[in-house]
Structures are given as structure tokens and as C-alpha cells.
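First subunit A sits with subunit B, and in the next complex the same chain sits with subunit C.
Up next, the complex of A and B:
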């Protein structure tokens, strides 16, 4: 305050008040612009490694860009996209991915909600946070370790699951039948990824004011009615967030199938990410890989927007 | 009341199911091969360190310590980079009233919805141009572009009362001084949470090292373990011992800091 008054006092008398105002505003604008120095390190990384690659990928998707081919990269327009539409392996991978998403997302939502509601019902807060810790723990395990141990659980000959089922005389072809293989991947994924939606929903439940539930109880609503008529509608924004995150993650499934089934049997679990990975980094067809990545991106955006449309508060 | 205990019993059962596979890895790694192949109870009857001795003792064949060092180096560098650039950016975007700051922030936050897979091929080519493929930089520098940390810290900074900053400014603090002496100490819990989540995310990353690294001695532990599993698929004991080495550091961090980790993850849902 003092410094600005001093500046005004030393100004030549010929300057009009509006010019002074304009100049100080201009100077203050420059001062505020100077704050961008703080943002610059992040912004540089953001532009170079996120914004630029996003559009570079789009450009690549219009190129025949093959690292092992003697021909130089050239622009082929929609060629890669048309190839994908005619490529049975692409459709197979898309089908496997959609099957995975359709199987894993609803089950995840229901189970995470059940676990969260169950956790909230535990009276002792120490025991509650202990159970929550246990449920979250698998999320901390890297996929190569988690996949390894589950692949062994699923092993038909000396795996744990068939050993446990042996007294019943049942032998499940966990990883050797196409249908079971996808079910096995889904089962493993539930173990590995339920932690995050569960803890988010627990936090969501804790935000619901107790007075609402008490008021419903006074009005004679039982526990089930309270859950469906009070808790669930109030939880809707958090549930929507969890559902969107799950779908985005589900479409990008890779590690589980890569480690446990390698895409087999009969390509039943060869998901889109694995096909993109193999196309790009085993066959080095980067243009085609980039095009399929963009197709997957568009699918994810469309599905997420549809979800928000359908599930948002009306 | 009875119903509450029934619910708790179910939850306890679920909790056991979730931790059982992890416990299984740790217990089985100490079993001799014969016990591993013929399952006869959870606990090793004849505990042995032979798998660990082999995994840790033959660096020319299995460079586990090299992988451990790579993982520690990469995850620590990523964490340091993310905390530095994200804290600076989030501070300026939330407190300095930058011209166009709101739009920049909105753009950054919007990219949180961009799935990482769409960047894989272009970033690979970019890294190849930079000559960073098969070096740790390929996994460190691009990780600094993620938007989550900026968003996360922004939420924190914008809740700090204006008076604190003004008081520091009257005491003659520069903007950098305010950031360093006022904001950073206040943000310590948020920075710690972001740091832990970043470290664990980087440690457990699988696709990145798989695509960007080539030579065995450059691998991180998760990719090393996966390679291991492919070349020693029959010798479960060795793979399990390697898995224990890979998992133990993260489990220690998790058990020590689980409150912050779980709170941090929970908050992501409420702020969206």
C-alpha cells in the first residue's frame, strides 16, 4: 500500500489519472504473470510428455510407421483405422476387453458397496480400520507378483484351488478352457483391485449425515430401506466417480492377462491392450498400434460420457 | 446387535481372503521344493532359506540387487520430481491469481481422464528420439507430467487462509519465501501422502519398464520378477523368493503408513 502511494507521488503531473490506472494495472498484470515461473517446470513436462504425445499419437495413427520395415514412414490417412475394422484379431481383442469390463465393473461396484457398508457396520473403529487395511493390501502388490501367485493357484495339476476342490471330486480347467480363463482373470482382478473402490465408498458413507438415517429410522424405515432410500441416493456422486474410474481402468486391462494367461487359451483373454502392445513393441508396427490406442481412447471417452449422462442426478 | 456381529464376521472373513494370497507368498517362499509342489498345509514343515540364498547369491545369473537398486532409484527420483514440480505449480495456480490460471488448471485437471495407454506409443518414439530408451530417465521424467499431484495439492493449498500469506508478506517475505516458509510446512501432510502414493505407484509400475527398458540389468524389480517367472516357471521356490524381495519394501511402507495411504486414496473420490 505504502509503496504504491509513493509511486503515484513521484509521477509527472501531466499524466491523467486514467493513464496511471492503466499503467498500474498493466504492471500488476505483469507481476501476476511472473507467478508462472512457479508453474513452468511442471508445465514444460506436461506439454512435452502429455499434451504433445497425445496429438503426436493421433498423427502417428495416420502413418504407416514400421520400425523394422525398410520403407520410410508415410502418411496413409485413415488406412490404419480401416485395417483395424477389417482385422479379426482387433475384433477378438475388443470383444475380450468388453467382456472383461462387463464382467468386472458391475461385480466390483456391488462387492465394493457391500464391503464398504459392512465395514461401516463394524462398531469398533480399530477393528474397522484393520479390516479395511486387509482389504486394501492386495492393491499394494505389483501385478507380476500378484499374477504369479494366482497363476499358480489356478494351475490345473498342482494349483491350490484344484487341490482344495479335490475332496469334492471337482477339477476346474481354470486357465485351460476359454470361458473359465476369463472368469479366472476376473476373479484375480477382484482380489487385486477391490481395495480402492471400497475405501473410497467407505469415505463416501462417512460423509452421509447421521441425522438423515436417524430421521428415516424414526419414520419406521428398516435397515434395508434406509440403505436403498437414504444411503444409496446420497452416495450417488461417489458411486458414479468409482464407476467411471473402474470402466477407464477396465478397458486398459493388461498386466493380469499378460502374466497369467498370456492372452490364451485360444486368444480368449487376449485383450486390446495386449494386442496394442504386441503390435507396437513385438512387431514394431507403431502406426497401427497408435491407431488402435486412439480407437480405445475414443471408446473409453464415449463410454465414460454415457455413464455420466445415465447416472448423473436427474 | 447380533446382526452387527454377523456382518462383522463376514467382513473378517473377507479380510482373511484378501490377505491370504500375500501370506501364502511369504510362507511358501520358505518351503523346500518338495513341499511346494505337494500342498500339505500353509506353514512350512521344514523351513529353508535355500531359495533366498540362490536368488540373492547369484548376481551374475539373477541381478536382484541391481533390480532393487534400479527400483529404489527410479521410484525415489519420480517422487522427488513430482513433489517439486507439482508443489510449485499447485501453489502458484491456487494462490497467485495468475492471469488465465483457472483455464490452465482446468486443462491440467481434464487430462486426468486421459488413459495412459494412448500415450504409450508416442512417448516411446519421443524417448527414442531423446536417446532415453533403456535408461532410468525414460521412467522418471515422463512421470512428472501426471496431473493427479497438481490437482491433489491444489485442493490443499486453496484451503489455506489468505491471512497467513499476507502476514508473511508484511514481514517481508518474497513469493518464493512465502512458498518455502509458510506453504510447504503447512502442506507437509498432503505432500507426504502424495509422495507415498507416487512412490508406490512408480515401484509397482509394470507396463512402463516393460516397454521402455531392454537390458536385463536395467530392469526394475516387477519386470525382473516377471522375466524370472518366464525363465524359471517350474521353480516356484525361486520365483516366490524373488517376489518376497520385490514386495517386502512396499509392505513395510504400507504397514507403517497405511493410515495416510488409505486416507489419501479415499480423498480422491470425495474431491472429484
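Up next, the complex of A and C:
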């Protein structure tokens, strides 16, 4: 109290409103500066490793930039983009990618939702965190390790899966038939990526007020009706978020196919990211690779926006 | 409070000092090492390659021996996986940071030469150097461009026939002495396949197969060349995959699967099947030898490929030693000595499943005792490298796809090869366009 009174007393009586304004502005600037200083390290990395490459890639995509070409790089406008539209390998890769997304995203959503609902049904919190850990564990394994292990699981001759199926007299061509290969990749991806959406959905479920469910129960709604009429609508924003994240991740699929199948058999699992990688780093056609990357980027943005629109509507 | 604080900070300081001492010591050691190298005036050569398997240990032993015998040169070898290796080498090369000595496969040389950092090596051969006459003509020719040679071939590893001697004996494919008799032509090959295939329980899934396709690329390429087929026309202006010779070759391969003489690529992990003793014949590279020798219970033999078309041919590949283009002075002398050493001692290299390219080394008792290498080496006069073009990756992708589709019975040989030809032609046109543009630009200048 005393010190505050003293401060008030020391205020110069002559200070004008404009001086006060200047001082607050100064203070606000200092405050903001502090914020900038804190953000600076991240901002630097963000600009150097994300913003700069993004626009460098855009610039590259307009160039004929080929490391093995005797020609110096040259600006060719939309040439690379037009080439992609005429390139059967591009369409084949895009087709494989879309097939993967269409197969993996809905199954992930349904399974993750089922797992999350199952976890919520487990009352004991200690047990719940144990199960959550089990579900999340595969996500923490790097794709190279997971991919190599699953490649062995899928091996037709002495892989784990065919050994388990042997008593039934079934021998599945997991990786050697074009149809099965994509299914195998989807299976491996589910195992690998299911953890994150499940954990997010569990958090979403926890946010739904119990009173709503209790009220529905009092009104005579059974467990199934409560889930579909109360839980699911309230979970919508979280589901939307998970779906968008999954679609983005799905379009960027690379590690699984590259390690397990290398795009085979008959290029059935040669996804767009692999084709972009091969174009840029095996054929050394950096411009064309960059153009296809930008096409993929645009596709992802458009699909994500469409999803948000579609799922937000009531 | 204050006392505790001071104590904690003292401990922290001590810890820091404790940490700094070993770090500084390590740094000093590193610097010291570097200086010791500089002080004795030794020339350092960086040597890059992709020998990450057992072959890497063989090469490392050779490098260590060279370093011991040549105190004035220090070779530092770096190994990485071939895929990563070429990316790194190429980027380092066009940026002027290539290693002094590096290994390149014959069919990758054309692509690397476009980076303009590979030195011609004609001054390494001739009087006082390596005798060029000691190389087989086709091997030496494969590293030549416009009358100059750009690499010293180290080895030639080719496709050959491995056969299971036990299965051969059981099927009665033996000579007068009861020794297994590997097929040498199409009739004997087909006859052996029919005898070797055994389906005792009659479920349509044979317990043993006569033949498997292992690496489709090398298998198909060899059979195509045996039929007189080529991938490109003479001037490399068009793909020539859809010629009658290639169609006949691939149709023959497909007929083996269709008639049940070989499993579809979907049904059997081919090479493992051979290792398990369930396959009579497989065409694979000499580099599989160490793996085969480890398999104690497998009685295998090695022989040249049978002639399935109208002429002998076998896919081959070589590791070549290249020098960076801008080497000069002592570094160049050191690099020359190192390359010469590796070439002269390539019998050590052959021990690990390779065939030396020097005729004089193959004509030794020591090489004759390497029976599998010796058998495969008989094919050198008609060994075929894959075509050397800068767009190797592009055309091989199409080649592989066509072969795969045909052997899986999804497309006829004619249709698949026509499609591949059209697609490769597009790649050729793109490259030709660039070269033409460049020529025009130079004329305008």
C-alpha cells in the first residue's frame, strides 16, 4: 500500500496524455519484441526449412532443371505441369495414391472410433492408460524398422502370416500380387498409424459432458442410440480434424511402400511420393519433380477444404 | 540458502569442467591426428564405393594393405548403400566435391559422365602402367566414349547358371560317370525342367521346381540377347524392344510359366527356393556365391548359361575405378598408384565372389581353383552389359514393368513390349530435344 502511494506521489503532475500514450506504445512494443525474441528461433527454422523450400520448389517447378542435362536450367513456364498431365506414370502413381487414401482413411476412422469408444468404456484409469499405450506403441516405431519387420511378416515363403495360415491350407500372395500388395500396405499402415487418431478421439470423447448422456438415458435412449444421437454429433469437430489429418497423411504415403514393395508388383504400389522421389533423385529431373510436388500439394489442399465444407454442413 | 546455492553452482561448474576435459581431449586428439597426417607429408585420397556387404570387408582389407605398403599415401574409404551412393556421388561431383577415387558400375558411367567430373584414364595404361591388352575387348570397350576410356575395370560379375546337384542326380540328369550334367542348350534345358519338376502329392503345387526366374531384369535381358534382341537401335534413336527377336525371347520365358515348368513370380520367393533346395536351376549373379557357400546342406554347381536362343549371351556388370576430373600433381600420382594396386591385386577381390577382368590373373592356378568364378568366366567373350544411356533409370523402369507383366500372364509379350517401346521412345525424344536445343543455341551464339 505504502509503496503504491509513493509511486503515485512520484508521478510527474505535468505529464500530458500524449506522453502517456507514447509510453504505453513503447511498453507495448517492448512486450511485443519479447514475443518476437521468443518466437525467433522457431521462426528462423520455419522460414529456412519450410517457407523458403516451398517457394524455391515453386520456382523450380517452372524450370527445366535437370542435373544430367547438358543444358543449363531454363524457364519453361507451365511445361512441367503439362508434362505431368500427359505422363501415364504420373496418373498411375496418382491412382495408386488415391486408392490408398480411399482404402485407409475410412477404415482408420471407424477403427479408431471403435477403439476410442472401447477405451472410454474401460472405467479404471490405470488400465485405460495401459491399453492406450498398447495402441499407441506402434506409432512410435520408425517406418524403416516397422517396414522391414512387416516385409518379413508378409513374406510368401516363410513369413509369419502365411505360417499362421498354413493349417487352413491358405497361401496368400501378400506382396507378390498387385491387388494383395496394396491391401497389405493398407494393413501395415493401420497397425502403424492407428494410435494417434485413437488418442485424439479419446480426448474428444472425454470432453462430452456426461449430463447430456445421462439426460438421454433418462429419456429412454439405449446405448446405441446414445452413441449415434449424442456422442457422434458432439464428436463431429474432432472427427473432422482426424479425417483431414488422415487424408493429408494418406496422400503423402511413401515409407511403407518404398520399404515393403518398392512400388511393385507391376507398379501397383508406386505412389505419387515415390514417383516424385524417383524423378528428382534417380532421374535428376528436379523441375519436373517439384512440379509434381506442387500438384500433390494442390490436390491435398483442395481435398482437405472439400472435406471441411462437407463435414461441417449440418 | 545461499550456501546451498553456491554449493550447487560449484558442483555444476565442476561437472561442466569434467565434461569439457574429455571433449577437449578428444578434439585435441582429432586435430593431432589430422596434423600427424599433414606432417609426414602423406597424400590423402578419399575412396568412395557402395560395397556395404561382405565385399566391403574384402575391399577394406585391400585398402589397409595398400596404406601399409605406401606410407606416403593415406586412402580413406567410405562405403554407403548403392542407391544413396550414386545420389551423393552425383551431387558431390557436379558441385566439385567428388572423392579422388570412386567406384562406378559400367551402365551408370554414361549418366555420371554427363556430370563432367570423371577423368579419362588413358594415361594409366600403356608402358609402365596397366596393360590394356590384358582386358577383354568388350569390357574395355564398355568404358570408352569418343575414343577415350573413363574408368579402369576392376571386375566383371555376370549371370550364370547355378544348379542343384542333388536334384539333378535324383532326376537322373547325369553323364557317364554319374556326375550331374547341366544343360547347355534349349532342348536339354526343357528336358531337365520336365524331369526336375516333382509334384508327388498331386495338388498342382510342385515340391520341387526345375527352374525359377530370380531377378527378372537380368534373366529376361540375357534370354533376349541370346535371341539376338536389343533394347535400342544402333544409334540409340529409338527403343527396339518390340522386335520379333525380343518378342520370341519373352514369349519363351512366359511359356515356361504357362506350361508349369517355372512358378509365376507371384508364387515363390525364387532365390530362397533355390537356397532351400527346392529348385533345380536358377540364373543368378556370381555375387550370390558367398551366400551359397554358407549354405552347408546345399550341393550346388555353377556353369555358363545354356543357350536358349540361337547365340550365347549373358548379362554382365562391372565395377570400375574412376578418378575425379581435376586431379593433378601428387594427388594424381597417388590416385594412379592406388588404382593400379587394386587392379593388380584383383584376385584378392575375386575371392569374395567376383571375376577379375585381367586375363593374366584369370590364367593362374589360384583362379582356376575358384571353380564357380572360373565356370562363369567362360562367358566373358559374349558377356552383355545393359545399354549405357543417361536415361538408364527411365528405360529400366519400363523394361522391368513389361517383363513383369508378361511373366505374370497379364499381357502378351507383343503388347507389353510395344507399350514399353513407345514409352521409352518418348524419353529418348525428350533427351534428343534437349541436345538439339543446345546445338541450336550454340550455332546461334
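By definition in this document, the second predicted complex is superposed on the first by the 271 of 314 C-alpha atoms of A that agree within 3 Å, B and C clash if a C-alpha of one lies under 4 Å from a C-alpha of the other, contacts with A are read in each partner's own complex, and residues count from 1 in each chain.
In this text, a residue touches a chain if its C-beta (ideal position, glycine included) is under 8 Å from a C-beta of that chain, and two chains touch if they have at least 3 such contacts.
What you see is a predicted model; the values in this text were computed from it and never measured.
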item: Contacts of A:191 with subunit B and subunit C, given as first, second, both or neither; value: first
item: First (subunit B), second (subunit C), both or neither touched by A:22; value: neither
item: Touching partner for A:138 - first (subunit B), second (subunit C), both, neither; value: first
item: Partner chain(s) touched by A:110 [first = subunit B, second = subunit C, both, neither]; value: neither
item: Touched partner set for A:102, first subunit B, second subunit C, both or neither; value: neither
item: Which superposed partner A:156 touches (first subunit B, second subunit C, both, neither); value: second
item: First (subunit B), second (subunit C), both or neither touched by A:251; value: first
item: Greater residue coverage of subunit A in the superposed arrangement, subunit B or subunit C; value: B
item: Contacts of A:88 with subunit B and subunit C, given as first, second, both or neither; value: second
item: Touching partner for A:129 - first (subunit B), second (subunit C), both, neither; value: first
item: Residues on subunit A lying within both footprints (that of subunit B and that of subunit C); value: 158, 281
item: Sites on subunit C touched by subunit A in the complex; value: 87, 90-91, 94, 111, 114-115, 265-269, 272-273, 276, 390-391, 393-394, 397, 401, 404-405, 408, 410, 423, 434-435, 437-438
item: Footprint of subunit C on subunit A - complex, ascending; value: 64, 66-71, 88-89, 155-158, 173, 176-177, 264-267, 278, 281-284
item: Subunit B-facing residues of subunit A, complex; value: 29, 32-33, 35-39, 41-43, 45-46, 48-54, 56-57, 60, 115, 118-119, 121-123, 127, 129-138, 140-153, 158, 160, 163, 191, 194-196, 199-204, 207, 223, 238, 241-242, 248, 251-252, 254-255, 259, 273, 276-277, 280-281, 286, 289-290, 293-294, 296-297, 300-301, 304
item: In the complex with subunit A, residue positions of subunit B that touch it; value: 3-4, 7-8, 10-12, 14-19, 21-22, 24-25, 37-39, 84-86, 88-89, 91-93, 96-99, 101, 104, 108, 111, 113-126, 141-142, 144-147, 150, 175, 179, 200, 203-204, 206-207, 211, 221-223, 225-226, 229, 236, 239-240, 243, 246-247, 250-251, 254, 258-259, 261-262, 265-270, 272
